[in-house]
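Think of it as A, B, C, D and E in the order they're written, each chain with its own count starting at 1.
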């Protein structure tokens, strides 16, 4: 049963990867990366159960956290880039 | 051996390493420099003591953390390591003595604590590589020294230092990673990382494919780090645009430490065990060394920038070192190891002179140096002595190692004559490129007449003359380095059947 | 009781696996960014709830369950936030949702 | 099983060389750094693969596992160190790239060479 | 069976790697690098390397993505489409791949319990750790004690990188010096939802980091992973509230102090061991009971590692993020 869940997660990871490579926009790719991250969290939780080592859920927790920070970093990257372009345009006008 | 002596191999590394963390906090002017110089001097004293203890062929072993050898990390110092340690710490100390004014002119005051801290880290890293007797530990310290040298070189005031150091970073990391792959493959086949243990266990699996691949990876990786021709492309620009003092320090010892590791692997781990390993020397390293000698000297003859000229000459000199080693004989190895020492003396002095010239001539293109010898006679005198040593004129240190090298080549018989011809041609080329500098500096006219009288910091002159006099001293009384090199090569070759 | 819990957890895990898979297909097949995002966030939330609850029932009342609960809580807090952040970034950058793009200018009234 | 095991090593080889290709063929400096990171990751995979033992578990004793087979802890320790070395190199390399961009206005290797020739 | 999963993940990894090299958009390459990192980490986990998986996730997927994005923000995100030396590079790479694959054929079988790697040194660690150090996590025991000198080196590698980035990009970047820099570095303050959720999570992230730090003897974790996680938590704060606020909470000087202090704690423990009559880093002498001494030493040095790594990663992050253009 664990295998079935793992398999489903793995296939979904593959689909997310296809989306990440295909794009088309950068936002699609960020979406795919985020999705990939959550699926990795699920995968790790299930594999930890499968291995009979429930003490390894720490890893899944760490992944969930890092994933979130990664997405926010990307957002901040977009925001500051957009802001910088705006300011540069303003300066160019003056 | 007293209690402190037993700890010396560890202290050699730990003292500069820990002090680097303190130096970075030292803000007041000159304090960082003073602390760094003092630390480096302590390290130099430690390596002198280690050389004294190992002169008779003894090996000092040290078990880190008190764990026995293949399980914990072992350190080991023998005559070979002691000689290389002397070169590393000596080069650092002498350059630092003269460094203050030159560094002040090139690096902004608030960035200096970082600079000196990186210097100590480079020193600790290089010393750590030399004392380590564990393949993975060598990798860790190789990375400390490499990262620190990238930082030091990137401090160069010319913006061309940045692309140069980036190229060095890429090639250096590839080299280190290749080394790591090689160590991994050996570990896979033997299950150990300790060099001595590896030597014992590699025997059973010596003819298997992963070990052969490992030997290849390690040779290429360390060759990249050591700038063995044709893997030297990072070296000329990195040396040319680094801060002058950094060039003097790194040119004297950094590449030699990689050669040291390469020789350790070749003679301790591979040589006896690996099928067809002797072939690697005669068919692969020997021709490369000869090509490196000729091409390095040849390019140096036409180079217009003083530091790039010296850098290409370094490529040729690395060729000499590899040439001696690839003969696989006591005489050849002695010549090779001795040349590590003597070349450090000559190149250190030359790059220090370049620093003094740069402070007064405004640039280091040969055209900038017109008549500078007459304005700075003392510096110029030292330049001539170091230049003669680089060429190998009797009475200087450079002559001794070339003499050893030629007598080692003589043992080969007829093919040796061709090699001797290469050595002589290359020495003549060295005469040409040193003469080009002398010609411009002594007989040339200043580019713009009426330049102000040169100011040379006395400490720098002192450092330059320490090097120059050492070139003369070790040319007349080569007892100490020759003894160390002799027992080092005995040690390496004792491992051969 | 134990049997019942076991069966329940298997059902939850299976449903979780299915919903994860559906979400993956949706993210691949949907026509534009916002619809894909919709599909992806369904899997993130529903799939995570189902799979992790199923796993919790398997693990029993131990420290492991508490950790799983923490992971679940964390995912439930962060994944809508990331979706929001992403959607707002895309919107600000000028990616229009599909429905608006498809309709001609006059169709808006 | 034999092929499965070899597959791990082949992936190592392919990954290593993919990264290496990016380093030597791409003129963009950031792309080179990315390639270098990939190149190093491949080596991590090599080490961890050789430490694995079939039917083993992570080398952390626990009441749950009891008396079982444990995988080799040593390669894991080495790779922990190597990962740290990798991120340090990446950080320093990126720092140099940022400075190059500021000084030259470009991060393409050939363009920088052109500028230097002038 | 799990190995099959591994094979599947590896196949995805190869596809990702090829896509990374092919794409000309550097931002996409960085995103895919994050995926590759997660795949590698998942593989590490399947291959029983829990500690390494945790590190790879925190460093590869987290910190390194953040650093790459920081560098991209200061340069361009688009690569020019020319590829030089294409043919030559391809030939070199294909030849080298074939050599590597050739070299695989004599390798010990995958997962073979009788291979030299499994029979020579490692059984000693597994067998003796309960006796000498008595902590469950053998990886931490090897890392902290048997090969503690490597770890000291590792701390100084990180320290060197921190020094280097500060040397190159400046220790006191002009945060708030100009209106423009302040505008650009204001963070996500105007995004209400991420801000509220993020601020809620930061304390838990730091708490989790501390748990990883002090639980390293019992489970996966240790100073390095904890340092990366705590740094990630503070980076989150900087992302939400802007550079300036984050630097007010932890000024660059303080971070520099942390960098140096971490290394000094680690080295200092070693020197104390020396003074007390042991070898460098021989923690047994720290207490009358050697096993207690070992445990104490490992806790101290792990604390040093954690402090140094947090300080360094944050310094590097700030050096990039606060760089004025």
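The working rule: contacts are C-beta pairs under 8 Å (C-beta built on N, C-alpha and C of every residue); 3 or more make two chains touch, one makes a residue touch a chain.
All figures in this text were calculated on a predicted structure; none of them were measured in a lab.
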Query raised in the report: Looking at the contacts, which chains touch subunit B and subunit C alike?
Result: E
Query raised in the report: Which chain has its C-alpha centroid at the greatest distance from the C-alpha centroid of subunit B?
Result: C
Query raised in the report: Ranked by contacting C-beta pairs, which pair of chains comes out on top?
Result: D-E
Report task. Averaged over CA atoms, how far is the centre of subunit A from the centre of subunit D? Could you give it in whole Å? Result -> 20
**Report entry** Intercentroid distance (Cα basis), subunit D paired with subunit C, Å
**Finding:** 32
Query raised in the report: In whole angstrom, how far does the Cα centroid of subunit B sit from the Cα centroid of subunit D?
Result: 28
Requested in this report: Measure off the straight-line distance from the CA centroid of subunit D to the CA centroid of subunit E, and report it in whole Å.
Outcome: 12
Query raised in the report: Among the residues of subunit E, which ones contact at least 2 other chains?
Result: 50, 72, 100, 104-105, 107-108, 115, 117-118, 121-122, 125, 147, 150, 153-154, 157, 160-161, 164, 168, 188, 191, 194, 198, 201, 219-220
Report summary line: Residue ranges of subunit C touching at least 2 other chains are 74, 78, 81, 85
Report task. Would you give the residues of subunit D that are in contact with at least 2 other chains, written as numbers and ranges? Result -> 16, 20, 50, 57-58, 60, 62, 74-75, 78, 81, 85, 88-89, 92, 96-97, 99, 109
Query raised in the report: Pairwise, which chains touch?
Result: A-C, A-D, A-E, B-D, B-E, C-E, D-E
Query raised in the report: Which of the residues in subunit B come into contact with subunit D in the complex?
Result: 136, 139-140, 143, 147, 150-151, 154, 159-160, 162-163, 165-166, 169-170, 173-174, 177, 180-181, 184, 187-188, 193
Requested in this report: Using the touch rule from the top, collect the residues of subunit C that touch subunit E in their complex.
Outcome: 74, 77-78, 81, 84-85, 88
Query raised in the report: Given the complex with subunit C, which residues does subunit E contribute to the contact?
Result: 188, 191, 193-194, 197-198, 200-201
**Report entry** subunit D-touching residues of subunit E, taken from the complex the two chains share
**Finding:** 3-4, 6-7, 10-11, 13-14, 17-18, 20-21, 26, 29-30, 33, 36-37, 40, 43-44, 47-52, 55-56, 59-60, 63-64, 67-68, 70-72, 74-76, 79-80, 82-86, 89-90, 92-94, 96-97, 100-101, 104-105, 107-113, 115, 117-118, 121-122, 125-126, 130, 136-139, 141-143, 147, 150-151, 153-154, 157-158, 160-162, 164-165, 168-169, 218-220, 224, 309, 316, 319-320, 323
Report summary line: Residue set of subunit E touching subunit B in the complex reads 99-100, 102-108, 115-122, 124-125, 145-150, 152-154, 156-157, 159-161, 163-164, 166-168, 170-172, 256-257, 259-261, 263-264, 267-268, 270-271, 274, 278-284
